[in-house]
Structure formats: C-alpha cells, structure tokens
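Naming follows writing order (A, B, C and D), and every chain is counted from residue 1.
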Amino acid sequence: MNFASDNAGGVHPRILAALGAANAGHVPAYGGDRITRAAQDRLRETFDAPDAAVHFVASGTAANALALSLAAPGWGKIFCHADAHIHTSESGAPEFLTGGAKLVPIPGAGGRIAPEDLIAALEANGRDSVHAGRNVALSLTNATEWGTVYDLDELAALTAIARDHGLICHMDGARFANALAALDVAPADLTHGAGIDILSLGATKNGCMGVEAVMIFDPALAEDFEFRRKRAGALVSKHRYLSAQMLAWLEGDLWLQMAAHANAMAHDLALGLSRLPHVRIDQRVQTNAVFATIPHDLHVRAQAAGIVYHPWPHSQRLDEGEPVSIRMVCGWDTTPEDVGATLEALA
Amino acid sequence: MNFASDNAGGVHPRILAALGAANAGHVPAYGGDRITRAAQDRLRETFDAPDAAVHFVASGTAANALALSLAAPGWGKIFCHADAHIHTSESGAPEFLTGGAKLVPIPGAGGRIAPEDLIAALEANGRDSVHAGRNVALSLTNATEWGTVYDLDELAALTAIARDHGLICHMDGARFANALAALDVAPADLTHGAGIDILSLGATKNGCMGVEAVMIFDPALAEDFEFRRKRAGALVSKHRYLSAQMLAWLEGDLWLQMAAHANAMAHDLALGLSRLPHVRIDQRVQTNAVFATIPHDLHVRAQAAGIVYHPWPHSQRLDEGEPVSIRMVCGWDTTPEDVGATLEALA
Amino acid sequence: MNFASDNAGGVHPRILAALGAANAGHVPAYGGDRITRAAQDRLRETFDAPDAAVHFVASGTAANALALSLAAPGWGKIFCHADAHIHTSESGAPEFLTGGAKLVPIPGAGGRIAPEDLIAALEANGRDSVHAGRNVALSLTNATEWGTVYDLDELAALTAIARDHGLICHMDGARFANALAALDVAPADLTHGAGIDILSLGATKNGCMGVEAVMIFDPALAEDFEFRRKRAGALVSKHRYLSAQMLAWLEGDLWLQMAAHANAMAHDLALGLSRLPHVRIDQRVQTNAVFATIPHDLHVRAQAAGIVYHPWPHSQRLDEGEPVSIRMVCGWDTTPEDVGATLEALA
Amino acid sequence: MNFASDNAGGVHPRILAALGAANAGHVPAYGGDRITRAAQDRLRETFDAPDAAVHFVASGTAANALALSLAAPGWGKIFCHADAHIHTSESGAPEFLTGGAKLVPIPGAGGRIAPEDLIAALEANGRDSVHAGRNVALSLTNATEWGTVYDLDELAALTAIARDHGLICHMDGARFANALAALDVAPADLTHGAGIDILSLGATKNGCMGVEAVMIFDPALAEDFEFRRKRAGALVSKHRYLSAQMLAWLEGDLWLQMAAHANAMAHDLALGLSRLPHVRIDQRVQTNAVFATIPHDLHVRAQAAGIVYHPWPHSQRLDEGEPVSIRMVCGWDTTPEDVGATLEALA
C-alpha cells in the first residue's frame, strides 16, 4: 500500500501499449512527426483552443519553469502560493530559466490564494520600479499542493485581479485532471475561459510515463518557446514517445477516468481515516490526496504494516507521543483493496 | 532641505580632492595600480584582517550580488530580512548573479531579524534536498533598512545559528559606517569577529562619489571573485579613482566622522519631530535615518516648504486626512541649519 | 528507407519490453528506486569505474550541457571541434547552463581535432586572465559528428595536452557505443583510461526511447550534479523508466550489438555507394554514418524513390547540376534489405 | 612614457572640474537629476537622434554586454570580428547577460570584417533553427581593436548585409571618438546613418574617469534597458557624477579634440618608429594606436628606458633574438615630448 506520491505509481496499460504502437518505422525527430501533430491537435480540440501553441517536455519542472519564462523576465515578480511547487520544490529552476525572477509567496489556507491576499501582496509590491522589479505573473496551482481546488468563480476572481494589475496568468496543472474531474467542468472553462494564459498540463502523475504539455493560449506569448526549451536542454529527440503517451492519455477520456478514480480512492480513504479515533482530516479532500493528523502510535503501526506515505510537511519533527501530520496520495492505480487493507491495518 | 536619501548627497571635499591628486600620470588599469593596493591594504589594516580579499565596485547592488554569488549557487537559499535591500530593491540582481538562488524573507521589527525567527525560517526550510535546494547563506544588513543596528551580541547570536546550519554569513554594509559610529566598536569586532564572512562595505552613501568594497574575510571564498566581477560587467577600468575615494574616506577616520555626524543630525531631527503634536517616531533612531508618522497636514506643509523626503513604504497610499509614514535620511552633508530650518518650518 | 538520423529510429523490442517489466507496483520517484540503482551499478561495472557518479537525463543536450557545467564556470573556455554538436546544435544550452562559458571551435578534418591544432588553440587563448577568461575544458565527440573515431592513442594524446593545460576532459558520447564497437576496446579504456573525466553516454540514438547517462569518473567533480539537473528542470520524476531502458540496453551487450550492426550497415551502404559513378565517399566510414557527395540527378532520383537523408551541411545550397553532399545514418533498425533496396534504387 | 593603454591615462582637467561643479547640493539619485537629463539631451543633439534612448554605465563591458542583451536572446548568434573586445576580453559577460548567446568570430585583416567574410559567416550559420539558434546581431568595433576604422561606405555595406539577414547592428564605440576624429564625419553619419541600431559610446579611455553611454537609436529596442542594467548590478546611484563627465566631455567638442590629439600622437609615433631600422608598422595608423614589430634588442632597450607598452597579442612568446610585436597606445594626455623622448630613446 503505497501512498507516497502519484509519481510512485506506474503507467496505465493503454499508455504503455501506445508506446509499442508508436514504435513502428522511422519518423522525424524533435516533434516533426505525425503523432506529435496529432497530440497537439487533440489537445487544442480538448481545450477548445484552436490557436494555442502546444509543446511537450519530459518533466513538470521544465514545463513550469519554461512556461514562467514566457511571462517573466529576470526582473519580474511571480505571485504564487507559499506552498506552490514552483516555490518550494523546484530548486531555483524558475529563477534560473527566467534569468532572475522573484517568486512572491502568498500564504493561504488549503494551498489556495484568497483574492484579498493577492490584492494585499500586489499592494505590498506596488512599487513597479527599476529597483523593485515588475509585477508580471500570477501562478495558480490547480489542484493545489493540498489537494484542494479552485472552482471557476474563484479562478475568475483571481485572474481578474491579476489582469487588472497587468499580470500574465499561469496555471501549474500537475494535477489538472484531478481538478477537472472534481469540478466536472470543461477544460476550456477551467483554463482560458477562467483567464489562464499558459497551462502546464501534467500527465506523468496521472498514468503516463513522463510527459507534460505546455499550452500557451495566447499565441503572442509562444514565440520563443521552442528556443527556450532547447536552450534549457529540454527538447527530447524521439518526440513521438512523448506524444504517443499524451494521445493515449486523452483517448476515450482515459485521463479523466484515471483522475476520477484516484479522487474517489482518496475520498474513501479519508472517510475511513476520519472514523478512526484521534484522526483529523486536515484538508477538504477534493482530489486525490488526503492530509491528516494521526496519533503517533497509529503512525508507528502504519509503518510496521508497510503503508508508505510522507509526513507532511517534510520538515516536521516526529517526536514520540506527538501527533503526526501526513500526506497520502492516491493514483490511477490505487485499488479499493489498497484502501481497504490500509484502513483495516489501522483500525 | 533634502532628506530623500544619502544617495542624494554630494562628495566630501577631501574625497573630491583625492580624485584630483590621483590624476597624475599613467598607471596600470583594472586595479593593478598602487593606489588600489594601498586602499586594499588600508582596509585590511582597518578591519584587522590581513588575509581578507578586498575588491572594489561602483555600485552597492554589484557589491551585494557578487558577494552573495560567492556564497550561494543557483540552488541556494539566502535568508534575509523581509525588508532587506537585496530582497526589495535590487530587481533580481542577486537571483541573476547567483544563477537562480532564492531569497527567503524573514519579517522582524525594526528591520532586524530575531534569532527565534531565523531558527523558525531555517526549520521551515529544513528540507535540504534536490527539490527544496540548499540553505547556504544569511545576509544581515547593518545598519538596517530601518536605521536600527545589530550590536555585537545580537550579531554573534545570529551568526552562531547560521554557522550551526552551515550558512555563510554576509553583511550588507551599505551603511556600515553609521552602524560602527553608533556602536562605537572596532570594524573587526562588527564583522569577522561577530561571525561575518563577507562584507559589502558601502562608501558611496557616506560621502563618496561611487565606490563600494567587498571584503572577503575567508580567503577560500574569494577565489572566483575577480572573474565574477568581470563576467557581470562590473570591473571598472580606471580603477585608481575608485581606490582613491576609498583611501581618502578612511584617512583620518573621515568615514567615521561623517557617519557620526549624519547619525547626530538624525538624532536631532528626530528629537525635534518628536516634540511636534501628533508626530510619532516609528523606529529607534540609532543611525542616520528617521522613520516617523506625521499628520497629513504636516506632510502637506513640509512639501510646501520644500522639505524633501519619501513616504515610506513607497507603496503607501496618501489619503487626505490620514497620517503619513515617512523616511528622512541625514547625510554627512546635512547641516544643523538644515535640521533647524526643517523643524522650524514644521513647528 | 530512412537514413535521416538515428533519432528517427525506434526502440529495440527488448528495451520496450523492459519498460513493461518495470511497470509493476509503486516505487520511489526521482531515482530512489532499485532499478535506478541497478542501472547505475551496471554502468559502473561496465566501465570498471566503481567510484563514478552516474546520473540519467532524458536528452543529449541536457547530458552535455550539465556535464560541461561541472567543468566550466561562466568565465571558462571549452575547447571543442568546430563541428561539435555542443557548438553547432545546442542553441546556447552549454553557454546558458554554465552561466556564460565560451566554446572555442577548433577546425579539423573528419570532425577530429589534431593535437597540434589543440595546442595552437590553447596558445592563441593562452592569456588566462580576468579579461580573457580561463581555459577549463576540452570536449571531444566520439564517435565524431562525421562518423569517424578517435582511437585510444589519439584520445590519450589529446587528453594529455589538455591535462598539461589544466583542462577537464569531457566526452560527448552521443554515439559512444558506435565508437566502442568500431574500435573493439573496453569502455574503461576509451574513457577514464584515456583521460576522460566526464562522459555523456548516449543511449537514445542507439535503440532507446530517451535516456542518456552522465558518468563522472572523478567524484570530486560530481558534487553539485543533482542540484544542477534539478535547477535546469531536467530531473525526471518516474525515474525507473529511464533506468529500465539503460539496464536493458546494457543487458547481454545489446548496446554493442546494436551499434555494431548499425556500423556494419553503414559500411555496406558506403561500399555500395562508392561503386556508383561520380559518387565520392567523403569520410572514412568508421561507425554508422556515411558522408558522400553525389551527382545532383542521383539526389533527385533518391528523393523520388523515397530515400530519406539530409544534405550535409544543412546550410548547403542545392543548385541544379551541382553535386550534393549528404549524410546517411544507419541505426540498430536499419536492415540489409533497406541498404540493398537503396543501392538498387540508385544503381 | 606610458603607451600601455588609454585606460592608463588620467582625466582631463575640465572633466575633473566638472565633477567638482556637479558636487553642490542634493539631487535625485539613479539618474533622476538634471545633469543626467542634460547629458542625455546633449548626446541626442550631438548624434542628431531625438528619439534615442540614452543611458550611462561605469564600464565598457557593462555597456557592451547590456547593449547586446537588447539584441540577442540566449539562443542568438552575434557576429563579430575574431579580435573584438566582446569576444576576447569580456570573460563571458556578453554570454552571461544575454542568457547564453554565442559570439561568432570572423577573422579579417586589421581588425576589420570584410563584407564577403560576413556573408560567408552568415551562410555557414545559415541554419536558423531551434538547434542552431538564431542569427540576431552584428557587432562592429569602430575604431577597431587594431586602431583601424570603418568608413561610412564600409559600415553601410556591412550593416546592409546584416539588415538583409535580419540582424540588429551594434557598434562597440570604446574608441568611437578616435574613429570620428579620424574620419571627420558627423556622429549621426557614423552611427544610425550608417545602419547602427545601438552604440556603446566610450568616454573613459578618452579623458573621462569612468562613464560609457549606451545609445539606442531604435526606441523599440530600449524598453527593458533600465531593468537589465539594474539586474546586472550596473545602475550607479550618484548618477550625476557619470553625467557630469559626459557633459564636460562633449562641451566645446572636447571629446573630439582629445581624440584628434591622441590620433596625431600615434601618427607621429608611428612615423618615427617606421624610420628605425628593422621596425615594421603592422597596421595602418588611423587612430590612436600603433602596432609594430620591432627587433628584440630594441624591445629590451625600450624596457630599460622605461617605455611602457604591451607585447601584442598577449599570448606571444618573447624568444630572445626574435622580433617582438607590440601595441603602443596614445591618449589625450600623451605629449609630443613623450613621443619625442620615446623615439630618441629608441634611435
């Protein structure tokens, strides 16, 4: 029973099969092949964004940092949640690939930025000058790092504020499919329809082997992307294998089915956990992660039972007798049996 | 009466004269001249630091960002006060010159970091990993951006914590002379004696035309400095004119006299302001800046009287009838008459 | 019949199968899994380099630019062949990831640097100064961009010169297996035994889907690699799928068999071409590429027959009636039938 | 007698006096002062360029690298002479400040690029692709590093080629005044009139203490300059002292008089040298530098007589009995007596 991360999971059989199917013959490298064009077209259709530029990379950090580099020069400020992956877990990649941009962390419950806090941060950074730099971008993670989501209205409110202040709006969609499944809305509505200019669309965590898309809804922002990707060393040569994953992921709404399944597993897991004594569910479970605080002895029991997860935050001290805050992530390949066995072991 | 900034002031006549005296003949460029060697030696003596590497640049931002680049790689985290100049006013220079390092802002009254807040920030960033990056440096501003100072014990306490966590300690000494004059301690005690590894020593604000020194007390950190300076475009060719300023600044303790004078002027100004009705002095006046909150009509009167200063923070809204928070900075060339006339105009 | 590039080819069935086999269960992400450790160990064994640091990335440009960033600071000079991929085809990635290093191109027949030309380049760049920068690295491509190889003696001669001048030696081994197969020597002999400090080992072109290894033979150079990889956005999360490719590639000497096959196909193709009237083989065919100059009408005929290759160099003008210089690359999946049919079509 | 460099010389008394005159009172920092506006206006007038953006920095490397960063992204190629200062003597600054651009060195007699060689370099780099990068800029040095000049027709021919290939044209004018004096043409004609888009205008070598202007004739290119300057740490705070130098330099055509004088001194020096036995003048002396090859014993005699100059190129080996190639640079402060005494000592 492994709830460490959706990165710990495997590849969906249909996606694996697509790699085999893509393997026939010789095709142009670097994205000049038909599978790549098909995957790009499919994404444009899926997002009802016929003019979007669509590019593939092999890591989420590359997707985010390259996307942000379209919006932020080295003297730019990027507003994001204090727990945003781009701020906590990308080790300088956004700063490096933008040539020096600064991330402005905004605290907020549940990994979500409140409109008034965004306004406050913009005001506190109101001095758009050669000294202070320029406010250039808002990056929102959906689903958030705490498994919650922004709905359409919430997104629209935030991007409206951003737009009023001249910011470009980026979405870190490492778990976009989970948010989409949770909200049951259209991809277009949750992105450009809600004011998002650039989306990092994660597929790796949700059943792929390693592919992320950058969707640039405003073509004027897209001009340099391919050069930036190459200059960062992020252009994959045998591109068809990225694209084939993406195509299979979208085919027959597999992406949404996998995300909905993962969400459901997390829901069941949280429900079961919440019934255990002295267990507190710390965040509303809207997508595929459960954040809970559990008694120390329960944590010890879980470890002994081989239930894998991370204390969260990582920096937490694990003192005997003190409750432990944990993150448990479900994936497309988490089974009801995994959840059942886990709850049983902890009961 | 101009209290806008110590950058608004002029050059001390003895320093100006030194430029003239340095003008004779031909000398090697780029720091190979005798005046440069003399200035470097004089600084090493003054700071009782015979092994220190000493280099000159023409701007405080270059001094800070280059100094930090010795301590922080692109995946490093630099802890500093939330109001530190390197964080608020250098527009990405530290991030750029380090190749992506992240500044971690720590709030604190009076522009000062409290030891417990440093510890908390280190713990919150405790995950030294390839994702989170590495905690590498502490940067302390002395005197601070709010005119206060860290004394020897306070510095030692902070640098001890830093050292325990493997951090290199940098001091932004844009107004180091003001701190030194306020504390009446030895330069060595306020720097390497208190755990500082690298000092950006500002002379420009305190009576020079444009020269800052980077003093690297640990020679092992200094190896690449000259290459870094050149690569950033910050190596000045006719170096003798930087060095001559520095020599004259140190000669006969001129630097300390100017700083002590500026501090005294600020003290007198604050004392006078504090006696005006509805005026609040917001920070303890330890060096050469006065931070105060004054009634709106007093602000209007000051403007009308040609008294120049900045509302502080810059982002402040100036609504009619509402008190205004301001910063008034004194310099080596602020006269008792300036202070007197100012207080008279506001009385 | 596609000879455009070894990037145009597919994935060997055994490697594809290995991806499927690796797909079971949950494992730690980011390289903490057992398959990754096994692949690293296997490479250390294969190269008789027990202390080597071994890391995987998804693109050759990332491998090269990250490897070079270990050797070259922003003020460093990297000596390489004028036709080196790092110089002609990586669009600023080495310069960017090193923070400004300069590539010094050295001309030479057959894509190879002659010792005397390396010495001349070092002398012409002899001024190791803060203005000129520092000479820091030699990068050799083996097999070269022109399909030729450096043998052990030639490598040793070049790296000895480099070492005498304080340079770190990097090998771009995008087609290392082809060189190895051509020379029939041990991996250790062709790398650290011949003075190479860091190897970019390419597997993608030779039957993999997308994985390259960076092997750092001197552990002292390796310290920052993982941070650099992350900061560049090049850390792949589901790492097991990179590693599984690498393991299967090495298993049973598959890599060498594929390379030897590709080399043999190129040999046969060149032999056949050389018998055609007015066709000139331009480079000694030592590995898997054939460089030839053919009559214009033959080029037209080849196009019509659907034989795919690139005019080489790319910048060449294709004037009617003028001979055309071309590159034809064979891969692990080039068949004798492909070669036969091609020669027949051109006969 | 010092002919080492025009950087070895001092500051003209009128420029020194201007610093004193600028010293009165308090003025806005960072270029908001009246002297700065006056100097900017004066440059716009002098160059007949009312729309030009004009900015000041303290070093020539900053001027060049920042200017180039307006024209070249990290994936750009900048064409320049093989001996261009930006290529040989700025230690990665252009590469760093552009985020990875590549300088393409073009050989050519006398430090000058011949049109056919520019065309050849453009063709050899004709593959404008995501792999090769983009051809974006031409940088011409005038006067060149070898003391020669491009005249109006030569410049126009080169910039026309550049424009046809979509390049932005930069001029490194570290010794622009010397070229202007030599050619006796208008500043406008030698810059934007001849197709130059951005000029780095050097004043330091020609009688100033430390100021260079960047003149951006096409305002569309200028947008980010001030942010770039700050991000690089190159914004000088007490800006009036840069600007005052520039104003005094231009006043009464002092710049041209100093340059013409330096040129005349070099002419006389070369004439005298050319009459010595076994001395060869290696470059046409058009501005203020003399490049000559002299017998080894004459070199020894010169050293003994305290005549200071550099062997040129620096990397040259000085074998006994072998002729020595040298550079002798005259400045605004080289006197006829210096030249006379030098020639006498060598006669």
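The working rule: contacts are C-beta pairs under 8 Å (C-beta built on N, C-alpha and C of every residue); 3 or more make two chains touch, one makes a residue touch a chain.
Note that the structure is a prediction, hence the values are computed from the model and not measured.
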Query = When every step has to jump to a touching chain, what is the lowest number of steps that links chain B to chain D?
reply = 1
Request  = Would you identify the chain whose Cα-based centre sits farthest away from the centre of chain B?
outcome  = C
Ask   = Any idea how many Å lie between the Cα centroids of chain C and chain D?
value = 41
Inquiry  = With centres defined as the mean C-alpha position, give me the chain A-chain C separation in Å.
reply    = 34
Task = Report, in whole Å, the distance between the mean C-alpha point of chain A and the mean C-alpha point of chain D.
result = 50
Note = Flagged in chain C as touching 2+ other chains are 30, 74-75, 90-93, 96, 99-100, 130-131, 133, 227, 230-231, 235
Ask   = Can you list the residues on chain C that touch chain D in the complex?
value = 74-76, 88-93, 95-96, 99-103, 123-127, 129-133, 313-315
Ask   = What part of chain D is in contact with chain B in the complex they form?
value = 2, 4-5, 7-11, 16, 19-20, 23-30, 57-66, 90-93, 96-97, 204-205, 209-210, 227, 230-238, 241, 308, 333
Query = For the complex, which residues does chain D have touching chain A?
reply = 30, 73-75, 99-100, 130-131, 133-134, 224, 226-231, 235
